[in-house]
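Take a look at the structures below.
In what comes next, chain A is part of two complexes: it sits with chain B in the first one and with chain C in the second one.
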Partner chain A sequence: MTTLRIAWRNLGRNRKRSLLALGAIALAQTTLVFVNGLFAGSYDQMLQTITGPMMGHVQVHHPRWREERAVDLYIDRLDAVRAQVGAMELPMSVSPRLYSAVLAASGEKSEQPADAEPAVIVGVDVSAESTRDGLLESLEPQDRPQGNKVALGRVLANRLNVSEGRELAVIGQDVDGFPASDLFVIAAIIDSPVDLVKTRGVVMCFHTAAGFLAIRDQAHEIVIRGSKADQADELAREVAALPALSELEVLSWREAMPEFSRMIDMKDWFDMIFLAIVFVASASGIANTSMMSSFERTREFGMLLAIGMQPAGVVRMVLAESVFLGLMGVLVGSLVGSALVLLAAHTGINYAALAGMEAADIAFGGISISYTIYPRFEFRHILFGFIAVAITSALASTWPATLAARLEPAKAMRL
Partner chain B sequence: MIGRISGRYALRSLWRHPRRTILSMVGVGIGVAIGLIATSWMRGGTEMQIRAVSESGAGHLRVVPKGWTARRENTLRLPDAPAIDGAVRSIPAVELAAPRARVNALLAFGNRSAGVEIVGVDPEVEQRANRIVFKSRLAGRYLKPGDQNTVVVGRTLADRLRVDLDDDLYVTLSGPDGVRSAMLSIVGVLSTGARDLDAGICHVNLEVMEKISGYAGIGEISILLDDYRRIEETRRELGRQFAGLEVLSWKEVNPGIAANVEGDRGFMRALVAIIIVVVGLGIVSAQLTAVMERRREIAVLTALGMRARQVVGLVVIEAVSVALGGSVIALCIGGGVAHWLATRGVDIRALMGEEFGFGDVLLDPYIYGDFGSWIVFYALAVSVAATVAASLYPAWIASRVEPADALRT
Partner chain C sequence: MSFLTLCVALFISAPCSAQEPSGFLKGGELDIEAVVKHFEDLYRSDSSISIVDLTVTRPRRTRTMTMKVWTRGRDKALIVIQEPARVAGTATLKVEANLWNYLPRIKRTIRIPPSMMLASWMGTDFTNDDLVRESSYIDDYAYRLAGRSDDPAGWMVRFEAKPELVGLWSRIELILSEDGTIPLQARYYDRRERLSRTMRWDEVRVFDSRRIPARLTLEPEDEVGHKTEMHYRTIRFDVDVPEATFSLSFLERQR
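So, the complex of A and B:
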């Protein structure tokens, strides 16, 4: 207790220097908490897109579908498959999808020749996809696809120069290779984080798509959402064991998108690397201050030793001082950093706009990754800082203190 | 005279506390080294991405018809293309100028179909200007000048259509006069290794493009320069020559990647700045200690006629010496790591997986750090600026020492 009191008083004695060291540590910790929060937020967004609208937790396909994405590589006897998956005990949603490459053009008459754009029909179970994490989550009930009403991806709509309420002409082939074409009404324009939907998607209700493609009781993809994304592998195993799915490919999102799965797993390493960089830098600043103040007090330590303080007591005192200062710095930094994270989590941070760029997103591996990041607060980031600072300041001060404590009091006082 | 004295005095006082001086130097050195390494990595990454974007079809610069930016309409064509082409090639910074024309189409084979953007190219130029051609594995052959109704497609596209060499694809597109169709024979299949990218490759000769689409001429000239740092100057030059056209840089053609490059650059700079500030606070504290314990000396010097300006100079000279020492340490650590980054490179496949497609851009699997004479300037400039800035407050304190007060205590 006495040691602590002396340590506290010593810090107060050189207030400027204590404040400078405290500021350095606080700044480092603020940066750490904020940047790691930013990482966490952007990974969350990626994970949410993958396990939400894009993949769900588990997907079922024809074994060759992912390679070829051809209209005739479908899951047959859909009703039987759905019934078996639906009868499983786990709580989940099951939603079939149809895909087909087509050409889309504005259906309105105009002076200029109509430009056609490659597009993809995405036939979905509208009610299943309108729930949380579904492909149509963002749409108001009246804007949802229904009958010949479709939702069009934002980029495709811009390229075709069409808007809500206009007609859309679609030309393609049905499942047997016969030409197929139809007119649809654009009910909504959607900004989806799924790149395919955003850049090429003509999202319509499952039955409309099935009619266009002359498909019955079949689907190209079944999206299954369980209760937790990290239990996807087990869910996939259980689904794969169902007899009706024995000929099909059943993959969890981790198996279907190994590169993202790996990236998400690597996030913890990024956090640590970043922690190391910030703390090597700040340690060289903190250590500097703390070692200097210990060295210049060699004479004072000699005095304390001379009046009977144990060498271990001297080391303890310096250690307490330095760790005390460090922890106060971390505390301030954690408070400021957390406040910034919480504030930014509310408003979002536009990474591109920070650099004066206008782009809203970047496509990578089928996901349209938004440049607007909502940082997420994670308590362990604060914990990392506490541990790192405690170790740094302890190491930086014990060395000079130990040197001093080992000296003969008389010698130390003469230095 | 007095300047020389304060210089010598400064060095002597640094030498009187070698441990403190060395600690300060190491602090500055590590901070600047981190900045150096981050900058080397960032410059290397930026250069790789610019090279990848420009060689994947965007060009460093691209000349397009007026109105292209607003509509991004593939069927717009350049008026009087040969004259533009000639003028572009006459600019010395231009290494390659690739004329292209695009049209959207639906390819079909049997009951399989796929929507793509068909690109009409000059085969000889394309093989040098487009990495999607020259970095891919090619089955069969690439297009030749004078080819009739031939097409080269990506591997994924071929698999999806279930076609291979010598198969005939049925093409449907909307031309100036309505829906048109044609048959094209596959002579080559390209595979870059990135599945999404390979699903979008479909090249034909410019003449074939004119014939099947009904749109005459070319839609763009993509320009590769000998050095990406000459983009802005060349762009102004082209802008002067072609007032009726749009001249775009890769940033406008591919704003997604541009924002990535710029965002990363801003982020890195902010981090380096914070690290330097943290280290700087350490220097402030060290300098302050040095000033406070020399109050009496400074008081004596002031009493002997040294001016406040010279006292400030004294502290700043000390700071510059620390900075010089720090930059040597930064060069040893940072320069070493940057050299390693530049020669060994970092395999980003570990980060991004086996596919290096970023949208329609084919990335390199390695990032090489940038290493050059800039490292020396960077180390010197950043250490001196940071250390001198950090010494201003202690210098101000030193210049305000009242001789009488200081000597009496």
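So, the complex of A and C:
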């Protein structure tokens, strides 16, 4: 106890130096907590989009669908497949989808025919996709697709110069390749994090899409959502084992989007890199402070040893000074960093605005990634910082402490 | 000329080489100028009306539609689907570089904007650009006789795109019959010198006193199992086609 008290007092003897070292550690820890919080926030957004509206946890396709995306590469006997997946014990939602490349144009009567734009029909199970993490989660019940009412991606709506309540003409081909066309009413315009939906999507109810494509009891994709994204591989294996799906491709989101899966795994490495920066900052700050103060106090250490203090006591004292300093730094840094994360989690950080751009998002790998990031507070970042600083400060002061303990009292006092 | 002249020949038409040539051999060699001129004008006329069966083959299905096609001058064409009944009346109108589609089911006409020109025309292997392009083999390509071809047997003429030409093809190899009057095959190479698609002509018949291949088959190279075939049932050249045929109001009255 006495050692701790002496150590504490010693830190106060050169306040500027102690504060500088403390500041360096605090700054490093603030950076760690904030930057890792930013990463956590942006990766959450990505993962949420992939495993939510975009892919779900597991997807089922015709084995060649992903390669060709041809309208006739469908999952046959949908009802049977759905029934088997639905009968599994795990809690989940099962949602079939249809896709077809078409041309869309304003369907309003006018003197000059409207210009067509490439679009994609996305036929969905409206009730399944209206729940949390579904493609239509953001829509109010009255705006959801139903019958000939469709939801149109925001970018497509802008290109076509159409708005809610207007008619939309869609032309394409049915499953046999013959021209197909229909008029729809735009019930809603949606901003989806799924780039395809936002830039080209004409989202309609599954049966309407099936009618347009002249197909029945078939789907291009079945989206399955289990309880947890990290159990997707397991869920995929169980689904693939069902007899009705033996000839279909069943993939977890990790298998379907390996590049994102790897990116998300890389987050842990980013966390480590920032942790390493905290290590280095605290090690150099503490080593320097501890070394300087030990050298300055050679006479004092000699005196302490001469009046009977054990060398181990000197070591303990020097170590305690450093660990004190380090932990105070990390405490201050954690408080500041956490406050920043919590504040930014509330307001969001708009990267585009910081860079002077007006864009709201950027498309990458089929995901529309918002420039506004909401950092997420993770307690483990603080814990890592504490452990890292405690270890480094102890290690960094070991050498000066050992030197001090090895002093010969008579010689040291004459210096 | 675009490749269109070969396949959708009807749509762009030019002064016709009405007389049937007896062949272009001069001392054992082809008269290249005459051959290319004849080829370019093979299906052209001031105006024409034809009935064409269009068969689109995909890896797992084949579909056939019958179309009636009116052309006038070089840059006006109207294509109306007649069969099968469920899509009858679906029409495409081309006037110069503009393209419109009319869908009778929804009674709407939609304009295909320039940005969509490389997209497929009605789900076939032809692009919208094939329909509207008005380039000419004689004007846009430097051509020369490249000697004999073995498969198919005949003469080969090589067309190299002139540097200023904006287009998809850098080179076209055209193979003609022994007498140079009938095209047999054309191979289209893209700007990266890769074979992109192959066109074949066969079933030579006499239409309206002109001897021309009745069947044209287009096969893209990068899509296995894809093929589009045009089979002329009838063609009447230099018939009276009123100017009003190529208007939006006529397009919408087709059915």
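Keep this in mind: the second predicted complex is superposed on the first by the 402 of 415 C-alpha atoms of A that agree within 3 Å, B and C clash if a C-alpha of one lies under 4 Å from a C-alpha of the other, contacts with A are read in each partner's own complex, and residues count from 1 in each chain.
Assume a contact is a pair of C-beta atoms (placed from the backbone, for glycine too) under 8 Å apart; a residue touches a chain by one contact, two chains touch by 3 or more.
The shown structure was predicted, so the numbers you read here are calculated from the model rather than taken from an experiment.
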item	value
Clash or fit (per the criteria above) of chain B with chain C on chain A	clash
Touching partner for A:G107 - first (chain B), second (chain C), both, neither	second
Touching partner for A:A70 - first (chain B), second (chain C), both, neither	both
First (chain B), second (chain C), both or neither touched by A:G177	both
Residue contacts with chain A in the superposition, chain B compared against chain C	B
Touched partner set for A:P118, first chain B, second chain C, both or neither	both
Chain B versus chain C as contact partner of A:E249, first or second or both or neither	neither
Which superposed partner A:E238 touches (first chain B, second chain C, both, neither)	neither
Touching partner for A:E300 - first (chain B), second (chain C), both, neither	neither
Touched partner set for A:E137, first chain B, second chain C, both or neither	neither
Chain A positions touched by chain B in one structure and by chain C in the second	70, 72, 103, 105, 113-118, 171, 173, 176-177
Contact set on chain C toward chain A in their complex	56, 58-61, 63, 65, 81, 84, 86-87, 90, 100-101, 103, 105-106, 108-113, 116, 119, 122-123, 248
Footprint of chain A on chain B - complex, ascending	19-20, 23-24, 26-27, 30-31, 34, 71-75, 104-106, 108, 110-117, 156, 159-162, 172-179, 196, 255-260, 262-263, 265-267, 271, 274-275, 277-286, 288-289, 293, 351-355, 358-359
Of all residues in chain A, those that touch chain C in their complex	70, 72, 103, 105, 107, 112-118, 169, 171, 173, 176-179, 181-183
Complex contacts: residues of chain A adjacent to chain B	16-17, 20-21, 23-24, 27-28, 31, 35, 67-72, 100-103, 105, 113-120, 158-159, 161, 171-173, 175-177, 200, 258-260, 262-263, 266, 277-278, 280-282, 284-289, 291-293, 295-296, 351-352, 354-359, 361-366, 371
